[in-house]
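In structure tokens below, several structures.
Across the two complexes that follow, subunit A remains constant while its partner is subunit B and subsequently subunit C.
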Partner chain A sequence: MDKDSFSDYAIVIKNLVKSFSGRIVLDGLNLKIPVGKITVIMGGSGGGKSVLLRNMIGLYQPDQGEIYVDGENIVGVGEKVMNDVRRKFGMLFQGAALFNSLTVGENVALPLRELTDLSDEIIKIIVKVKLELVGLTGFEHFMPYQISGGMKKRVALARAIALDPKIVFYDEPGAGLDPITASMIDQLILDLSRKLRITSVVVSHEMKSAFRIADQIIMLHKGKVLEIGTSDQIKNSKNPYVQQFINGEPEGVIPLKQTSEAYLKGLLET
Partner chain B sequence: MKISLRRKNEVHIFDLDGEVDFHTSPELRAQLLKAIEQQSSRILINLKKVSYIDSSGLATFVEALQKSKRANSRIVLAQLESAVRSVFEIARLDGVFSLADSEDEALDMLSRSDTR
Partner chain C sequence: MRTFFGRVGETVFFVFSGTARLFQLLYDVAKVTVSAFYQNLFARPSMTAFKKAIRYPHLIHQMVLMGVDSLGIVCLVALSVGMVLALQAAYQLKLFGAVMYTGSLVSVAMCRELGPLIASIVISGRVGARLAAELGTMRVNEEVDALTTMGLNPISYLVMPRCLALIIMLPFLTVITDVVGMFGGFLIGTLGVNINPYLYLAKNFDALVLKDIYTGLIKSGVFAFVIALVSCHQGLCVSGGAEEVGKATTQAVVISIVLIIIVDCLATAVFYYALPA
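What follows is the complex of A and B.
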């Protein structure tokens, strides 16, 4: 791959294969995540979204393939190199994953204290700036149990961007939130991407949210990329799987009951 | 990042060259705080050759601004690249700092600040 391509793409994945106990979850996946844009990875449950995410952040090692982050292939690198690569990432987990014994401010400060030699005074200022970015000025001294679920997500986001990452991964950012709070989180993702030119990778199965924020949508199905396009391209896709997914219909080309043969075989042969 | 210091009349001028980030901002902080402690009443920070500042760089300028106000001195930042200026704008701090487009403008702002 030539150098130009790497400067345009934060992440490039080539022929990624991952299986668990012989069951193939990612089946020769190829995709590119453009720098400074929002890419939403969509697909049904079990379609490989989470496994893909975990491969991208180095939590899983693929069976085959290459994953270039910022031009560097992270497959097979040691823990030390991976830790350096991870410093370029921010990660917003599905549950906010705040430390309940620490204040909001201490939670945001944590990566700065752990990974930099910055003084307390400077860290305190950074925490204030990050909390302002997520609309939580004045909440430093609150404990996680004193704030709402949506606020916790925003604190987690402030923490995810504490170290000024180039790439932020969001795992189902709207999960468990009411529609208004979820759209607020979407707006934050948009703001951070547009204003700070952060590359955003969002794993989601919520179509509304994806259409609202995505520069690029990647639809996964059975461990392969089914379709890549802008929101409009995906909306107007002729692919019956994509249409079934968008419209949330139980029956279509993706059968609701797809294991009947295996089920019967399993039942009758035991 | 390279930090060079020069003086023009009563003004301490910091010329920064490179990136102000987690690695380089502590050294900048030490030098700025030293200048403020030594009661330099007018400080000009020229950012013409700075292509990038991160949150720690921004925080370093915020702290210097806080301390300079307490010490009755004045800080002006000059010649910010648009990428650097946007870091101040995103944090809504562009209105808090005195930002000048040229060094002359910055010197002019500082010369009119005797009363501060």
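What follows is the complex of A and C.
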């Protein structure tokens, strides 16, 4: 792949393999994430979504393959290079991962304080602007345990965009939230992407929210990309697994229950 | 027979893999310390950068939590140990008609051995457990991962200030333990065993030489490093949930105390042979 085609893609992954003590989780995965768009990565539990995300942000080292973030291969690079790449993205963790000993304002200010040479007054203003973006003006002095789960997620989002990243990763942004709060978070993701032209990578298994926000949906299954397409293309997919996933049916290509012979065999094996 | 050797092998591997990870953390801490000093003192010498690397407010906060907040319990334990030591010493010395040397015995024992040891063991229970539980919970809540993805090294942000704070505070606590322990001995010696207070004080300070005090302080600095490193290591190695945090906390205290006593034994031998009085 030549250098030019990287300009259209924020992240390019080639032949990614990752296994944990012999169990293969990602099995030769290839995908491209376009710049300035919202890409939703979907798949069943244990399908390798979170592992893929952790590979993209450099928390895991893959066994094989290449990951290009903004044109730069991050596999096997040193900590210094990786930290430079990390400056280009923000990450919203599933549990918000706010620092409990710091106030809301200090949480948002932390990356600014530690990684830039800005003065305290400027940092204060930036914190206000970022909290305003997520609709939490005036909450600077609250501690994380004093605010609700949805607010925590929004603070974490403000922290993720504190350094004006090009890419923001979201790990299950709607998990553990009521439908209204979850849709508010979705709206925020949309706003940030449209207004600030941030590339968004959302890992989720909630179909409703995915169809609402996605420019591109990537279906994962058994460590491989099963299908890529827009919301409509995925909705009208002929693939039986995709249909089963969208409709949330227990019976289908992926059996919930074992056949009686397999059950008997499993019992007798040990 | 095979399973027996298999099990022995597994145990050996388990112990050594744990040790290897501990040495990895030791290496990381050393690397971060050296690079912090190098970058900020030589590469771009400026006071703000240096302050940033040391994380001043963070350090002070940790020092208060570890040192000042532990004062009460450290004093209580030191006082009791000083009193017990005086009573037991007087009981034995009476046989030789040397009760007046009680003060000497208490002061030398406190400064050389018991002061650093008691302070470290109390602190490993108080601070070591807190460190392991705190970092373990941060690990479980993905806070450590959040730091990493922000491009902040958890070693330099979390482990370094804690190590530094404890290395600064534990020698101070040791001095306080020494003094309070001697005071406990003084109380029992004068009120309980009826030694003349002036004689007790004279014997107490006559027996002390400078070496007694500074070897004790060096020891306490080393113990502080052991406690901080082991506890942070246990905390950062947590994977899973609440149960793992509990296990890490227990492990942190147990391993710290065992290592403190082993290191104490080695250090005493080194001081005995290498620094003859």
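Assume the second predicted complex is superposed on the first by the 257 of 270 C-alpha atoms of A that agree within 3 Å, B and C clash if a C-alpha of one lies under 4 Å from a C-alpha of the other, contacts with A are read in each partner's own complex, and residues count from 1 in each chain.
Operating definition for what follows: a residue touches a chain if its C-beta (ideal position, glycine included) is under 8 Å from a C-beta of that chain, and two chains touch if they have at least 3 such contacts.
Not measured: the values here are computed from a predicted model.
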{"item": "When subunit B and subunit C are modelled together on subunit A, clash or fit", "value": "fit"}
{"item": "Touched partner set for A:119, first subunit B, second subunit C, both or neither", "value": "first"}
{"item": "Apex subunit A: angle to the C-alpha centres of subunit B and subunit C, given in degrees as a multiple of 10", "value": "90"}
{"item": "Contacts of A:164 with subunit B and subunit C, given as first, second, both or neither", "value": "first"}
{"item": "Partner chain in contact with A:195 - subunit B first, subunit C second, else both or neither", "value": "first"}
{"item": "Partner chain in contact with A:221 - subunit B first, subunit C second, else both or neither", "value": "neither"}
{"item": "First, second, both or neither for A:130, with subunit B first and subunit C second", "value": "first"}
{"item": "Partner chain(s) touched by A:152 [first = subunit B, second = subunit C, both, neither]", "value": "neither"}
{"item": "Minimal inter-chain CA distance - subunit C and subunit B, angstrom", "value": "14"}
{"item": "On subunit A, the residue positions that both subunit B and subunit C contact, one per complex", "value": "117"}
{"item": "Residues of subunit C that touch subunit A when the two form their complex", "value": "48, 52, 138, 141-143, 145-146, 148-153, 157"}
{"item": "Interfacial residue positions of subunit B with respect to subunit A in the complex", "value": "22, 25-26, 29, 54-56, 58-60, 62-63, 86, 90-93"}
{"item": "Residue ranges of subunit A touching subunit C (in the complex, touch as defined)", "value": "57-59, 79, 83-84, 86-87, 89, 91, 93-95, 97-100, 110-111, 114-115, 117"}
{"item": "For the subunit A and subunit B complex, residues of the former touching the latter", "value": "116-119, 121-123, 125-126, 129-130, 132-133, 162-164, 195-196"}
